[in-house]
Every structure is written in structure tokens, then in C-alpha cells.
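Below you'll find a set of structures to go through.
First subunit A sits with subunit B, and in the next complex the same chain sits with subunit C.
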Partner chain A sequence: MSEGGHGQGLVKGLAVTLKTMVRPAQTQQYPDVAPELPPRSRGVIALLEENCTVCMLCARECPDWCIYIDSHKEEVVVPGAARPRQRNVLDRFDIDFSLCMYCGICVEVCPFDALYWSPEFEYSEYDIRDLLHDKQHLGQWMATVPPPPAHDPHGEASKEETTAARRAAAPGAARGAPAGPAVRRERPARPAPEPGGAEA
Partner chain B sequence: MLGMTTDTGALRELTVGTGSGLDTADMVLNIGPQHPSTHGVLRLKLVLDGERVVACEPIVGYMHRGAEKLFEVRDYRQIIVLANRHDWLSAFSSELGVVLAVERMMGIEVPERAIWLRTALAELNRVLNHLMFLGSYPLEIGAITPMFYAFREREALQTVMEEVSGGRVHYMFNRVGGLKEEVPAGWTRRAREAIDEVRRRLPDLDNLIRRNEIFLARTVGVGVLTAEQAAAFGASGPVGRASGLDLDLRRDDPYLAYGELDVPVVTRTTGDCHARFEVLLDQVYVSLDLAQQCLDRVDQITGPVNVRLPKVVKAPEGHTYAWTENPLGINGYYLVSRGEKTPWRLKLRTASYANVQALSTLIPGCLVPDLIAILGSMFFVVGDIDK
Partner chain C sequence: MPLWLELTLRIAAVVGAFLTLPLIVGQTEHKVMAHMQGRLGPMYAGGFHGWAQLIADGLKFVQKEDITPRAADRPVFRLAPVVALLPYLLVLLVIPLGPGDLVAQPLDIGLFFVLAVVGVGVVAVLMSAWASANKYSLLGGLRAAAQLLGYELPLVLSAASVAMAAGTLSLSGIVEAWQPWWLLWQAPAMAVFFVAGLAEIRRPPFDMPVADSELVFGYMTEYTGLRFAFFLLAEYVGIVVIAALTTVLFLGGWQGPFGDAHLGWLWTLLKVFAVAFVVIWLRVSYPRLREDQLQRLCWLVLVPVSLGQLVLTAAVRVAL
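Moving on to the complex of A and B:
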């Protein structure tokens, strides 16, 4: 601290305060104005039930085992086939968001694109048990899944783009597009909570 | 001492108080584990002689979560989840150490684009970490305003990090062999804009606090850690460099792309609280420049950001030691593998643990009011101490 320069530091500090005073505030008016979240934002996990084949990869890879899956096998009689086919039917798909660490490994390992990240984050509950979202509740989040952002042109194209390009180039390209998240530009409102929490 | 006349008229001496004469009993005072100034659950057992601290024993472990043991039952992708949580302010850099160790064991060549992106993100993470302490340290010794300026800048950078990784604190963006995915189109431009914005506004924070008389009075000459002491305790990072310990792994043992960058190492020699603060502040400018250079390189490199991994990632039998210059100092990762999907042992050497040990020599002799000034200037994260 140099003598004579006493008070200079305070003056400098106050100059910053004065400068900031005449500038608009940085405050985000959160509950009134929804924040703009990037599409990759890891808010909540959405389940596209039709795509799930009950392979259990997500439940196995989850570092804290917060995914619970139950299923049963069903026989489907296909006309003309020698034997009835077996297929897995999903009975239960729960994610316990009180345990989830939001790492996204389940979304990453899912080989059939049944899980997606949604930036939606307003699902706090008064009771910790209500943070266990069942497959119906997880399915409702699908409506909030944004389309993935385009990749940097310097890098590799995204998985979605390469598969789409391959499909388009394939001979049977006329067949229907696979089930994917609905492409929507703005964030829809969060799904209305079920009356009385009857879904638990 | 009190004189008093008895019935017999003789003068009798009566001693009042716990000690006698000038000898006063030392008081043992616990600071923490729940104390607002210790940010976390660090407990300091102090022996006080009046206002002066005679002895200080940092008692750690209140936040021990057994991270190293948990690593042994997690595969390498799951380890990243845990690795970015022990030091929640340097999540990206902590992930990095783990993946660098595994990549070295498996002999994976990381694509160039991924290396430069990792370097850029690691530097942005360093700025985020430093800004947190640049805000919280003045707050601890009574200056509330710098916090708001620090958080304004943090917000700008966090937006950039969130856009690329989806997380604001726990990025989960490193993978063995590279990064999780390519950055969104236009991200490098937005990141550069954020860096420019922070660089432009950082003088606000700088002007507010660096030469503030009250701040100087609280920090200059307080808590002096000599270079020998710093070396003896293994203090590294900003704490070590403020004592004149000229060691920075980014320059001295370059990993990632640091070998191709000119990393200016910020050092001071006084080793007091103010020097530690200044090192942090100046490192922010350096890191912003480095991040900018990395982003410029990223824009010139095309190619993938990760490699195709085998279905089951197994590190071959053996061991390796990877170390990185984390924002708080040197983090080391000793990985021992027996060829399984999980490590046999993954030992962490964390910067905060080593830095906080120096408190036992730094604090004795200081006054209680200086205690918080010293504690805050050691820049530790309790999760990083206890793991």
C-alpha cells in the first residue's frame, strides 16, 4: 500500500459502481420469463416407449442404478409363420430422479433411441417419492425434447444426419420414417401434473 | 489479583480466574465442520492464546464419499461421472485426468480436433473456477460486491459450456478417446464472443478489489507461505505459484495441446494472501487468451472428435500415472489395471488436499480475524480434499 495513494482503490471501485449503475441490470426475471436453454441441456430424461425393446442396457449402465425396468414376454401369432413370435412388452420403466446424477449415460447407450434429454427442469416435488417418474410420466416429456443442434461443419456430421443420409441413399428409402422426437422449434409448456398424483 | 481484609485484619491474597498471574489457559476452538466461512465441511481445531492462534490442525474427512473405492466398481465411462464431482468447480479438468490415464494405458490416439477442443474447454473451466474464488474470497472478508461481478462473467462462460455439454457444473463431456460429441455449429464463434465479453468486463472486478485499501489491509503480509514450505507440503497451483514455486504442468510437462502453446506462468514471490489472490486474477487473463488461441486452432482442424471404441473398454494390465494442472493445482491419477472393465485401483492426488495441509504451519501465529483471510486464500474445495 503506497502512502499518498490512499483512497485511490476506493475511488476506482466506486467508479465501477457508478459505471454499472447507468447500465441495464443483468438480472434474469426467471419465474416470469423462462430461461432460454440450449437443446443439449440435461434437464429431464424422456422416454419414447415404442422404441424400447427392454434390452436393459440403460439400467445396467446407470452408475447409480436408478432405472427400474419390468417386462414380460408375449407371443405374437404371425399369420403364415411356422411358429408364434416372442416379443418383449414393457411393463414398468421408472427413473428415480432423486437418485439420478444426470450423467446421460443411459441416453448415450440406448441402441434404439428410446431415451432423450429434454431441457425441462421444473419438476420439483414436495415429496421425494414423487420424483420417481413412471413410463407414462417419462413419455410426457417427449413433447419437450428439442431437435439436436446442427454440428460444426468442421467436425463430423451428427448421428442423426448420417443415418438419415444412409436411409435416403438405401434402395427401400420410400418406407416410413422411424419414430423420432417431434421436431418443434419453441419449448412447449411442461405437461400438466396428473390430478392427485395418481400416476405414482 | 485482589486484596481483601479478613476479620483478623491480616491481608490475604485471593486469586480470581482460571489461571494465575499472566499465564492464561489456552482455549481449544473448533472452526467447523459447519461454519459459513469454511465453505464446506472442513474442520479446523485451533488452540488459541487470547486472539492469537497457537496451533491449528485441519481435520478432514467429513465429506469423504469413498470416490476411489467407488471407482473400482465402475467402468471407465461411469468413473467420469464420479470424477467430475469430487472437485465440483473443476469438473472438466478432473474428467480429463481420468481419460488421459485410460487413453495412455490403452494406447489410444486422440484426434487432433478433440485435443484442441479439450484444451479450450479446460481453460474455460479454469476461468470459471477462478472467477468463483475471485468472488467468494472478497466475500469472506467482507466485500460483497465482487461476487456479483464474478458471477456475471461466470454466467457468460457457463452458457457456452452448457451449450456444448448440456451441463452447467458437471459437464460429462470427456470420453475415453475424445469428447462425447461434436460441438454445435457456430459454437466456437459464440465461445469467442463470450471470452471477449469477459475480457472486456473483467477490469470491473479487477478495479473493484485488486488495489482496494481495505482489501490490501486485510491481505498484504497476512498468511505468508514461503516457497520451501509450499514445496514441503506439496502445495501447487495458484497457492504454490504465489509463493514463488514456479511450477506449472502446462509448461513443464505439457499434456493435451499445451506443448504447442506458449503458456505464461503467473508467479509472485511474497506468498501472502494478496499474492495468491493476484495470481488467480492474472491467471484468468492468461486462460482467456489460451482458450481463444485453442478455439482459433479448432476452427482450422477438421475431423472427428472421438475414436471408435471397442464394445467393452478394458485397460490392459499395468499401471500409469497421469497428472494435470487443475485450476487449483496438480491433480494426479494413479491408475492400476488388471485388465478388467474397471480399474483395480485409481488413486487420486488432489490439489486441495495438499494445499490445505499447509494450514497447519500457516495459521499458527496469526490472529483470529486473519484466520478467515488465510483460509479463504488457500483456494480449496472440500469435496476435493475428502474425495
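Moving on to the complex of A and C:
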């Protein structure tokens, strides 16, 4: 009978739904039960104001232009110095989360670790203008920034570690004293075909 | 007990069953369907696993505005939901719950009455479809009419087979005559009756007349509020009725492993809910049949099978 092929599919369909029924549901009871977020979750960006040097890199790299920075220069008189030093003082640091697309480029480019990802995500507002977080507000998120997760034991070692290990293994490492620029010291470690070719 | 008191009690019991069983089936559908799709279903209404969801839905429907389209045929439009609901209430009157007196109105021609009354459903569908003055409603209604008329035939033929086997049209009589080996003997008729019954109540996968992805909501498109709720209630009472009829005709009704005399009602209810579960299960598992597949299944599979079953039943009856 030609119905045999159909019958098999019909039974299979019933089996799938029955199996799914006896398995636990996938639903997360979100407002009642907090979700388990993966490490490095991107919830909100936190600002560590002391680290910010007003270099403006974050504002310039931001694809949405949602970071607003104002600053002024202050003279700091250092006793014993020939002339007073200048220092940037942050007046305004706002991130507009109604524009932000959570790309994280600002966190990546910050050379002084002034910006961090926090996993907090419950900051919706009734008024869209309230999504502009000023530096106090951004600073408050710092408390929610988790410590950086441990390295993956099976992952490849960090760049700093491999570089340090390579330097330690290099022939010149035994001297210890800084003989020259870092670039020179690294050279012998490379599988250079001709040592004489490195002359500059 | 005076006659009037007994009558009132019986009718109250039937109305009670009419109002509670569909709600239980509906809630089961919410939950079973959700879990079959890896969800939880309603969880808030009533506190414990959303048990009051359908009551909340009912309250919502009552509060909604009862709209009748301007071009609609008012009296027919407003009457249709009642016509859809009432036949099922009448059917519940004659379905035996247990042996002896546990039936609201014992009828010697119970099966005939049930099949006749269930057939009224098509009138309600056509009334609502034509009176809505909506092309989607009309399309849905005509599909439903074609489907209901077509599937009426295998439904009646397979029911006739079991009536022939039992030698009576009384539903209680059929249950009394039923023996476990009938499960095998009448298996094709049971399958045909169940499938045709699904089509009669327009349950998925036979919901071509409603087909919400192509016809808005078929003949129910223009209905709102309480009248729409009546149509929905009719669908769930329909599940109860088809499950109860399958139980009574093919699964031995109140006959159980033990204590038929006292626990008969329990066996009947258990079987009804088991069949209702299968109805829900099929809805979750299978996609909707196309209109031509629907008619093909009816005329090329169900009708020949039920005719063959009639021959088989007659042959076995004569041989015994």
C-alpha cells in the first residue's frame, strides 16, 4: 500500500511532539527568575572616571557617535618642577544608550581601561531622553562590573605570556640588562636564515 | 423523588458538565500544546500554573463590545453562535456516563438522535458565514459546508457499523453489548469515526474552514466578544462530544478493569479525556490539510474503509 510511507511520517510526528512534551520546557521565567548570563555579557557600559584621560578615542571610534565628552585643562603646580604641568579634567562624559548599538568598540579602544562592560541590562526608561547616562550614572555601573573571567584552560595562551616566554628563551635573555630597543632583542628568536642579514 | 426535581437535577448536571468539561479540555489543550512545543503555557492566571486562564479569557470576552457589521443580516448573524452551541448541549443529554440511570435522558434511538443533531452544526456555520457579509467568512463557510457534508457520510457509516454489531441504536445498549475484542473488530470503524469526528468539529488538521493564515478566521471573522466565545466554546464542547461518542461507541464506555457498577462514570471520564488528549496531540503534530487533500481523504479513504467495515461487521454478525 502506498500509505506506508505516509504512515511512518505520521507516527514520527506524533513521537516528536510526545517526546518534547515529557522533556522540561525551554521557557525562562524571566521577571521571576533572573537569567543566567554568559560571561562577558554586554549589558551596559561602565565608566571608571579616574582612568579617563580625555583622549577622545572612544568618542571618535564610536560608530553611532553616541559618546559626548567635554573637558578643560587644568594647571597643576608640581613643587620642584621647572613649570606647571597640564592635566585634562573630564567635565562631561555621556553615553546615549538610545543610540548605542553595543558594539563595544569604545571599551576595546580605551587605552587606559576607563570603560568596562557590565552585565546589567534592566535600565529601560519611560522617557527616551533618560537613556542618556551621564558620568555619575555611568560611574555607578562600575560596582556591577564582574571580575574578568579566568582564562580558558584549553584556550591558547595570551599574547603577553607567549611573548614573555619567547624572550626568556632567547639567547640574549641571560644578560638581563636592556642592551637596546625591544625590537632588536626579539630578532634572534626568529628563525632567521642569515644572521648577517639583520644589519641595518 | 418527584419528577420535576429529578428533571431539574438531570438538566443541571448536564449543564454543569457542559460548562466544566470544555474548560478542562481547553486548559489541557493550553498546557499540553505548550509543553509539546517546549513552552510552559499560561502560568500566572489563578496563581498555580495558570489554572484560571480560561476563566480570565471568558471574563475578557464578556467585557468586549458586541459588534454586528452594518451589512450583516442581523438576526441570522446573532443567532448563529447559539445554533452552533445548542446541538452539542442536546448531544450531552443522551450520552451515558455510567450503567443504569447515569444518563440524563435515555433514548432508544440515541445514536440516530446524536448523529442527526450533530449534523445541525453545518447550518450554524452557513448562517454565520452568509450573514457576516464578509468574503472571507463566506469562503470559510462554504469550505466548512463542503467538509461537513462530506465527512458526515463516513461518520454515519462507521457509527452504523457499531450499531449493527450491537444490534441496537441505544447508546447504553451499545455499551452493554460491547466486548473487548470489538476493539480489533471495529478498529477501522473507530479510526474512521474519530477522523471524521475531528473533521466535523473542524479541529486541526481539518481546520481548512477556519485557516487563520489564509481566511482571517473563516466564518468567525466578524464575530467579537461573547458570540465569538460561543463559537470557541462550541469547538471545545465539540471535542468533548466527539471524545465521548468515540468512547461510548468504540471504547466500551463505562466498562473498565473493575467495579463497573460503581466506578463506571470514572472509566467513561478517563476514556473521554484520553481521547480528548489524542485530539489535542493531533492538532499539535500535523499541519493543516489542503482543501483537495481533505476531500480526497474523505471520499477515497474514509468512505471506502467504512463501507468495507460494514461488510466485515455484517459478515461477522451472520457468522456468529
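Everything that follows uses one rule, which is that the second predicted complex is superposed on the first by the 142 of 200 C-alpha atoms of A that agree within 3 Å, B and C clash if a C-alpha of one lies under 4 Å from a C-alpha of the other, contacts with A are read in each partner's own complex, and residues count from 1 in each chain.
By definition in this document, contacts are C-beta pairs under 8 Å (C-beta built on N, C-alpha and C of every residue); 3 or more make two chains touch, one makes a residue touch a chain.
Note that the coordinates shown come from a computational prediction; the quantities given were computed from them, not determined experimentally.
> Quick one: is A:Thr27 in contact with subunit B, with subunit C, with both, or with neither? Answer first, second, both or neither.
Only subunit C; A:Thr27 stays clear of subunit B.
> Who wins on subunit A residues touched, subunit B or subunit C?
Comparing touch counts on subunit A for subunit B and subunit C gives B.
> In the superposed arrangement, does A:Ser41 touch subunit B (first), subunit C (second), both or neither?
first
> What is the contact status of A:Gly155 with respect to subunit B (first) and subunit C (second): first, second, both, or neither?
First partner only, subunit B.
> Can A:Gly104 be said to touch subunit B (first), subunit C (second), both, or neither?
After superposing on A, A:Gly104 lies in contact with subunit B but is clear of subunit C.
> By the touch definition at the top of the document, which applies to A:Leu18: first (subunit B), second (subunit C), both, or neither?
The second partner, subunit C, only.
> Please work out whether A:Leu10 is in contact with subunit B alone, subunit C alone, both, or neither, and reply first, second, both or neither.
both
> Do any residues of subunit A touch both subunit B and subunit C, and if so, which are they?
10, 13, 16-17, 20, 26
> Within their complex, state which residues of subunit B touch subunit A.
74-75, 77-78, 80-82, 85, 113, 145, 149, 152, 155, 159, 162-167, 170, 172, 180-188, 204, 207-217, 220, 298-299, 301-305
> Could you list, by residue number, the parts of subunit A that touch subunit C in their complex?
Within the complex, subunit A contacts subunit C at residues 10, 13-14, 16-18, 20-21, 23, 25-27, 29.
> So in the complex, which bits of subunit A are touching subunit B?
1, 6-10, 12-13, 15-17, 19-20, 26, 37-38, 40-42, 61, 63, 101-105, 108, 117, 149-156, 158
> Which residues, counting only subunit C, touch subunit A once they are in their complex?
For subunit C paired with subunit A, touching residues are 32, 34-40, 43, 281-282, 284-286.
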